[in-house]
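In the two complexes below, chain A is the common chain; its partner is chain B in one and chain C in the other.
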Partner chain A sequence: MKTLLKTAILSSALALGAGFAGPAAAQDDSIYIPNLSYRTGPFAATGTPLMNGQRDYITLLNERDGGLNGVKLVYDECETGYNTEKGVECYEKTKANAVVTQPWSTGITLQVLPKSNVDEIPILAPGYGFSPMADGKVFQWAYNPPSSYWDGASMILNNLSDGNLDNLKGKKIALLHLDHPFGKEPIPLLEALAAKHGFTFLPIPVGLTEMQNQSAQWLQIRRERPDFVVMWGWGAMNAGAITEAVKTKYPMDQFVGVWWSGHDGDLKLVGEAGKGYRSISWSVPNSESPLMQDIKKHVVDAGKSLINQGEGEFDSVFYQRGLMISAILVEGIKEAQEQFDVRAPSPEQLRWGLENINLDEARLKELGAEGMLVPFKTSCADHTGHGGGWMLQWDGAKFVKASDLLMPDRTEIEPLEAAKAKEYADANAPWPINEECSM
Partner chain B sequence: MFYPTAGQFKTSYQADHALFPVRQDAILLGVIAVLAFVVFPLTANEFTFRALLIPVLIYSLAALGLNILTGYAGQLSLGTGAFMGVGAYACYKLVSIFPEMNIVVAIALSGFFSAAIGVIFGLPSLRIKGFYLAIATLAAQFFLVWLFQKWGWLYNYNASGAIQVPNIDLFGITVAGPRATAVAQYYFVLCTVCVITLFAINITRGRIGRMWKAVRDMDIAAELVGINLMRAKLTAFFVSSYIVGIAGALFVFLWRGAAEANLFDIPLSFRVLFIAIIGGLGSVLGNYLGAILIVALPVIISTVPEAFGLPIGSATVEHLNVMIIGALIITFLIVEPHGLARFWAVIREKFILWPFPH
Partner chain C sequence: MDILNGILVKPFADMAAAPDFLLQVLWEGLVGGVLYALIALGFVLIYKSSRIFNFAQGIMVVFAALTLVGLYEKGLPAFIALPLTLVVMLVLAMTIERVVLRPLVNQPDIILFMATIGITLFLIGFGELIFGGENKVMITEQLMIPTGSFVFELFGGFVSIEQKDLTAVVGAVLLVAGLLVFLNKSKIGRAIRALGDDHQAALSVGISLSTIWVIVWFIAGVIALATGIVWGARAGVSFALEVIAFKALPVLMLGGLESVMGAIIGGLAIGILEKVFEIYWGQPLLGGNTEAWFAYMLALLVLLFRPQGLFGEKIIERV
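Moving on, here comes the complex of A and B:
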């Protein structure tokens, strides 16, 4: 009892010391890039390759070029397990020195978004988060390049209807989505488009607890016989949906996922049976590109990567998308460095940088990543860039590009974006609006 | 050593019934109060407020609510998370319908909504007991979370289905919403928790608390000595759900800032139940000790490798964390099956007898 008591007192004293010490001070010659990662929990399967990609791109720059313009990039992960509570905890923990917040979950993004005006740290949420974040006047500190969820939904519908949404008249489109802020994102746009173009829209939610057992949802799909099933799934839900689709013999070429539902590992489970499944994507894997060769030489072969080489993670969509996400961030930091002539830009300066990213084809070629990412350009008012995307199709063994560059129908989306952004600003009043931006 | 009680004579009934019959208890509490009200706010950084102090207080409050029902009145409940949700959604609707309403009033009122729902779901307790009652409250858990998801009016038809806390001022200081400072939120939560704790201590010591304990220990005997079982059980559900509802409103308004329905799902209920069980059923102090163990310790452990510069990946830390907390819970329950509150009571007893143990 006595020793136990002693240990208890000692450990609590230690703990208090640690709790109040706070994070170490920032160094002048480095840029601290925290990432709210998740390598544990039900979403680990899809999270891990993305985090590996993000980490490896930064490692490559540090190893090959000695950092970015000679400044070392310090990449740090804080584990959230896709749990919003942990996410906010990580945000508070890392924000003192951070130049950027990478929340990595729509739920966490929604939590930190209202704080962005107060803490003045840019939020970078490539391809996720709240779609109206595209409106840079309202969401001054949030970025979701190169395409928002509403862009994605619009591109999928454009592709399904061969470019004219009126072709969908009388058809039925089901949205199989995670019952979570992320999965609910496309609903307002799809509802508006369904009303306008006369197709039936059928949302089918999958609860967090039933991700791996979707028999009820697929029974509903069998009964309703939708012409197309669009999936907004993540983590364990993707694998569940794809195996159920194979089991119920739903035609794979009528089954399309968002970019987060195109994970190689999920499709490998069904192999040949998943042939024809498509997923919209703003990144395409290309293991032969100069960038990937450099990654292989400086990071993977040097033993500095965490990827699972036996499983073919190097060639996977998600790993290479992770690389592209870090590339977008680094491009923003580089712009800020050059504009303000500083070594380590402040969050405020990085905000300018992220607003002035110009990743056109020439720049992507310079990075050795030609064709791996949709070209896009952000501005003060446009925080997304709306670069569009490609359809990737599963050929039984891997994802291949199966379409030309698709573009979202911005005229349909913009009014909705503006309305929802205004609604958000009103609900969170007083919310500063940047009137200096011009469209 | 620290607790010589010799010489502290009680000369009146009033002195004997005081909240702290032993002087040292009052001194200890005073020290803790100074720590909580003065020292922590002066030394803590924002991370400490938002990840340690505020959540510990709010979870303690939720566990206190559950403890009144389960620990004092003996009615096992698995619906705590959902009742917290009722409090949170009620407060959200009150604030959005009456934007001028004082936040203290809104939070106090929202407790009544969850109390009413709690009483409704407590009605089966009049006929069923123990594990069977747990299943009935589990039904409340599933039903209410389903309702939070499906009833758009509750979240003002937001596209994301989440509720967002607006900026709310109290006497000119922003206490809720993104512009609120952590210190202001901490003081708000601390004061609320102190007031409710004082209320809970007194109600459990008094006539109503004794009624609950009688029902818990043997309901037939309680009925025979003239206790109205229906009143006893329903008041327990009412008071418990009221406190839990307030904890839920604080949970969203003073800490999280936004919440989706999934947040109030069964893992939250279990978490609060674990805090109550590990802290000690039938005690007030135990809720705080339990919350420190379950809520604060994982956060503290996860900062240790960084503080000492150990090169451990954040995912590994998370795995280690789960293992350490699991091992600690088992250790504490083996050492003292009645929870941390009892553990402290044993230590205190030893201090009082020192240096002459029997």
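Moving on, here comes the complex of A and C:
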């Protein structure tokens, strides 16, 4: 009980401390990085390791290097519970001193997106958000590196069709998706590709209250017998779907998820029965890398991490992806510091930094993270970088890399991306376009 | 014409063409219905004895399941973790009665309802502080719940019945039967019903309000634990289980807030009908996910004709 009380008091003190962290950010000796996190609610199981990873990368830089180029990074979380309304509240609460916004849900990203031109704070949404945000001329303040959802859908289809989408002609592909802006994101691209390449596209929505009892959805899969099931699931939906797939005896090698549907914790529920399930991913865990050894030494072993070591979180895909997400942000800040010769860049300067990230293999090696993230490069016109991804496969106990680097078919995506970006700008007119960007 | 065919002819033709599939749909609906009925029962018991709509029932499911798995992970064998979880639920019931309910006796219903929202928020925070937010595996095998499946080859197809679903159905039937016997035949059961009918009259004949409340909240805790084990065995134990409480609301509207039988029949009816509607009408005609609203529409229809629900008490007030 004493330990519990101590923990409670410590948590309260930390929360109070975090509350006071914001104003300090206005000074030149620190950079305030808020994160609209969700460690509570129905999506906590998948959110927690990601947030832990983001937090630990910043802690590593502060502990090992004294910050970034001598400037302390102040990481702060505002709890949203993956709720869009709470997310917008958190955005408003943290924006005063923020150098960046990390909205952490496609729903929140869509709400914050129109405000970005007014508040002039960059939105960083690695691997999520609205896919046409890739168009940097239209979405000047929004970034979704290293791969967008449409990139992900394209890579999955390329892999399923052995590189030629015409091979899918006459086949049926089901999209099992969360009935939420995130889950609906790949639908426009998949519909367009189905019409062009002659396969049948079958969207199967899963409501929030049905996440853990998907028998109706899997009965539909049993009846329709799709050749492949692609999953755009999140939180408890992933575990529910994989459990039902095992129960329905759906072949695991025909079942592929997006990167948010590849969480070790979800697959551990079915263990050996989930063998063969694949998930596209722009990050790969490598616990032996120099970066991970540094994290272990300076953060985990030093007792500064919140990870659950007993459950193998350190080695998990999501924890190490969280580290990579912070690495992308820090790279943008570093670029801004060097370009503008400032210690603490302004949001506008960071915007330039995020448009000039060049995380190639050499730079990733320098960071000690070689092979842990797809190499990519952003520009003022390309806010995604389109670095591609690898297939990860569940071997019964963990995810392992199961393909070479896969790339999206940009010729298929670009016209739709341009059309949807224009549609968005027209619907939100007057919407400023970055005419200075000549790329 | 196509629409009429899709509504009136095709669904029945599909049912006749694949009777094995129809049986599977009915079985899945029955299992879903039993699970909904279990959640609804927790609400009904507390409402029946205290007129409190317990918003915390959903989080009690999570808390009970997490306690069981958490104790097991601490190294306790399942046969010790299970009774110890019941002790935790008893302590929780006593604490709620002493700290929350007793000071609010005689307050308007809405105050007590708000207090249960407070209990929910406390349990979310307290649960996450102790157990963390990660998805945990339910200790199904350790509790000797079979995990295989029976496959019956029928009508040229097959019907697959998960053994853990069958266990859930049998377990729920036994739990409900025990509860009905307890409520109708035992002295405490009669006291609970008496309190539900009239607090002051019950108090005047010496029934202790606080004791009965502790017992009722404890029984709701036991039901929460049973629900948590069954749902947790399907897709893991996490705070996402809390969401399933929303599935109980239309069951309560349909069956009536005070009726144990209403919760059971309402749960089964909604479970089976929503599944049949989703598969034969929702998915082909409406793009699916009709389970999100079908139960509410059904409850609304019933309320139009029976505002007290199918089995609720008709209250007549003379002004």
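Rule of thumb we're sticking to: the second predicted complex is superposed on the first by the 413 of 439 C-alpha atoms of A that agree within 3 Å, B and C clash if a C-alpha of one lies under 4 Å from a C-alpha of the other, contacts with A are read in each partner's own complex, and residues count from 1 in each chain.
To be clear about the criterion, contacts are C-beta pairs under 8 Å (C-beta built on N, C-alpha and C of every residue); 3 or more make two chains touch, one makes a residue touch a chain.
Values in this document were obtained by computation on a predicted structure and should not be read as measured data.
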item	value
Partner chain in contact with A:213 - chain B first, chain C second, else both or neither	second
Touching partner for A:247 - first (chain B), second (chain C), both, neither	second
Which of chain B and chain C A:79 touches, first, second, both or neither	first
Touching partner for A:430 - first (chain B), second (chain C), both, neither	first
A:266 touches, of chain B and chain C: first, second, both or neither?	second
Chain B versus chain C as contact partner of A:92, first or second or both or neither	first
Partner chain(s) touched by A:311 [first = chain B, second = chain C, both, neither]	second
Partner chain(s) touched by A:236 [first = chain B, second = chain C, both, neither]	second
Partner chain(s) touched by A:37 [first = chain B, second = chain C, both, neither]	first
Footprint overlap on chain A, comparing chain B with chain C	4, 39-40, 179, 205, 207-209
Interface residues, chain A side, partner chain C - complex	4, 7-8, 11, 39-45, 47-49, 179, 203-213, 215-217, 219-220, 222-223, 235-236, 239-240, 243, 247, 265-266, 268-269, 308, 311, 313
In the complex, chain A residues that touch chain B	1, 4-5, 14-15, 18-23, 37, 39-40, 76-79, 81, 84-85, 88-89, 92-93, 96, 106-107, 110-111, 114-115, 117-118, 130, 179-181, 184-185, 187-188, 205, 207-209, 420, 427-430
Residue numbers on chain B that touch chain A, as the complex places them	43-48, 50-52, 149, 156, 159-162, 164, 166-167, 177-179, 256-258, 260, 262-263, 265, 296-297, 299-304, 306-307, 313-315, 317-319, 335, 347
Parts of chain C lying in touch with chain A, wherever the complex brings them together	18, 21, 24-25, 28, 31-32, 35, 124-125, 128-130, 132-135, 137, 149, 160, 162, 231, 234-236, 238-244, 246-247, 275, 278-279, 283, 287-289, 291-292
